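Quick one: the structure is below, and I'll ask about it shortly.
Letters A, B, C and D mark the chains as written, and numbering starts fresh at 1 in each.
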């Protein structure tokens, strides 16, 4: 029996579920924005979405294609300058949840969006930091949504753009970082959470239809599974309906079906 | 023959004349505000008046009683926050002329608006710094308007609130101060300018009817007169008319005749 | 998240003896009603911070609420001295008042640094002035790139910020306009915020990029029309310049001040009663 | 003081080879027309600074105008890579591009510090990231009061800032609204400013506390309706998302990019002709 949803859909729905109602959420563009807006349309109508371009309390009816789309400004409670967003709101300690994507991450949820290869002579030049280094440290906690593969889940990062748990254990705290860091990584295969001691990402729920083998094959390190590992609750009809309606509205408005990150 | 104007009027008119058209002027409340607005109504329609409360390009038709009157905001080109005024506009180096009043000044045009007596056990507690310490250093040049008396023109200040030429000579430059400092002090008796070398305030024009003796009697130090000292041009009919009309409009609007500083 | 409350509830809940409190508003939108309520509830040992103490702090200081004051210009704008402030500084009456004096630029930057969660502000300030000697809070810092020396001053992080604004909606989102002063920075630098407003509206209908404080940075919103008088609320009422002048006479004398305080604040239950007392006084004056 | 001028006059007068130039606009109001004119006039050896290089800098870099780039996020928003940027960084084509990379927070703060005439910015940044090792511009500084360690980064002080806005009046006062990005800071941090606008109006009729740049902080104002396309101008036109996607194919290949550059920019006299070429292309695409 094929499930009535795609692996991307369960990823987005699972990520959306993590955002609690009323949370002040600093939203990255792409997958995080999709998940955060889905949450807002479902169980978290009072979640406050902040985009780094300036909108605070954005309530877009279609997904933005860029971090500064006009519908973010039009639906926001207020639109401030970009410096103010970073100074008063993010660094100011007003953000509960930073919702990030990632090009690459390692077992300690450190993120690389900068380079593959040597920094000064890169093999692949990625877009760079954006807001992530400070979102990952200033937000009270961080959610990461990323498609899982050997390209994205790597054993050793060439560059740490944004701090997760660094070398694990209490390394993050020792580095003097204020926010608690990543509390969950949501992929198209599973949900990972940091081990309370080692802070290594550990699979805690596996999406229906995904196997441990598949997860191992799509991870660049010897991935651990929680002893209490369970199956992810499949998307409810209402969740899928809301997600698909959101994407259909977006496609109708922008003429595209999928937003890349 | 009594002149057709008061000593306050020639002071204000003389001060107004010093403000060139198009100058970006950071305006203190009271006498400076009266003079700057008179200049705007006469020869300097394009002078830009900035008040520390936030209005930029204020064009009030009646004089403000406070530094943040509503008519400043209503007539301004834009109203920004007070931090922005001090950070981007004053410290940012955008101000040509700082127009200040003074409770007390010394022969080097240093200003005290803080205390008389010991700072920690003051005989008289004055209002304090306000914007003056940074106006006096960040504006490209400074104009000071003050009624002359032994109370205001003192031999030794108990406290330097705002730097003039400090101990004279190149002391101001040696202190690393960016702006050129006071270019003129306009009183109800005369106009003083800093000597090019010693930077000591020197009387350069004497208002009609005022005598050297009167100036000496109203100065707490042995005041110098420029060898080229001349008589101040008396207020022209048009200048007096504009000043009196401004004060009459102000009195009608606020129910007061004179704005204290 | 903002709760609509009466002003007396809000002050009781959020302002405590010994707190560091900022009541801000630069000439415009000064939260007088809130200041009176703090006096009514007998708060003491407060550390007050405010750029321009104005009449509102003259009243709080005269009423004995304050132990410390951080300020940058302590006069009665357009009139002269703040007599209660001077009496406290010069003669320790009614209680000694420790002062931390700063320039406008310094204090504005200090609120900005507080809002930005930084421990200090960097600015070009005080060059050549005696404040560097007089104030232990002015230190210097060198640019790690150019070596240039700049002033460093501690940020301001109030326990509670109190402001007055024009409007709030049902959720408690707050809109202010006109002369904005340092209110946004004061609220964002503070741990808690109490806002009094002229109007409660269904929707703010704010223009783009207006100065809005979202409900979730505010603890209590109180409907107090007229609550900024004798200062003004742009679009609602003008500054009561006559009261500012009248204050000079009221505050110059301890006894006269005490009588005013008793009649206008201590013996009134709330701001509405205060307003009635003021109106009566104006009627009497007019009959003279 | 602002002078109304044609865009070609403004670029000729104010932007010179080797200048440090900031063309700002955060997704919204990106000054594309001005970028094209810089390419047309053959400027070279520019040091470019911009938070999000976006297509505008991909074009300038691909055209060989830039020797250095300071940036904080170099992607095609919603699409993927900036291929001309990558080609320059990875393979030195058409000329080597030195990069100074910063985070959004850092670069936004650096503009703020520049606007405030400070040599450096203090912020909480880069904790735990590799940037501290990779970038000589990230240093640390200690709070002189608490001893706390913070990041310090150099301010940005462009020779010229270029922005696009919705309106300017006859005097050259500029109004923008919607997503404001760092434009105000870029203009105030710079020695000179060039502004293109959608509309020239008799009066700005701005709401209270709108984002206005007074004429006297601007050197040239140019009427260029549509000058932010393919980005957008709030209240005027939407973002041309199709062009952003199309750019991926155009820019992926050096030859195809060069053909586009020649046809759209180098062989057009001005932005009006550029728009005509774009429209023609769209018509052809529709007929396919």
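Going forward, contacts are C-beta pairs under 8 Å (C-beta built on N, C-alpha and C of every residue); 3 or more make two chains touch, one makes a residue touch a chain.
Predicted model only: the values in this text are computed from it and were never measured.
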- Message: With a step meaning a move to a chain it touches, how many steps does the shortest path from chain B to chain D take?
- Response: 1
- Item | Starting at chain A, fewest touch steps before arriving at chain B | 2
- Separation of chain A from chain C, taking each centre as the mean of its C-alpha atoms, in whole Å: 41
- Task: Averaged over CA atoms, how far is the centre of chain B from the centre of chain C? Could you give it in whole Å?
- Result: 28
- Touching two or more other chains, which residues of chain C qualify? 112, 116-118, 123-124, 178, 180, 184-185, 208-211, 234
- For chain A, jot down the residues that touch at least 2 other chains. 73, 79-80, 87, 91
- Among line, ring, star, complete and other, the chain contact graph is other
- Interchain pairs in contact, sorted by label: A-C, A-D, B-C, B-D, C-D
- Quick one: in the complex, what on chain C touches chain A? 1, 112, 115-118, 173, 184-185, 188, 206, 208-210, 212, 214, 216-217
- In their shared complex, chain D is touched by residues of chain A numbered 29-30, 52-55, 65-70, 72-73, 79-83, 85-87, 90-91, 110, 114, 119-120, 122-125, 127-134, 137-138, 159-163, 166, 172, 175-178, 254-256, 259-260
- Message: Taking the touch rule as given, give the residues of chain C at its contact with chain D in the complex, in rising order.
- Response: 116-120, 122-124, 137, 139-141, 143-146, 148, 150, 152, 154, 177-178, 180, 207-211, 234
- Query: Of all residues in chain A, which touch chain C in the complex?
  - Reply: 22, 24, 48, 56-57, 73, 77-80, 87-88, 91-94
- Interface residues, chain C side, partner chain B - complex: 26-28, 51, 71-75, 77-82, 85-86, 89-90, 101-105, 108-109, 111-112, 123-131, 134, 149, 178-182, 184-185, 211, 232, 234, 238-239, 241-242, 244-245
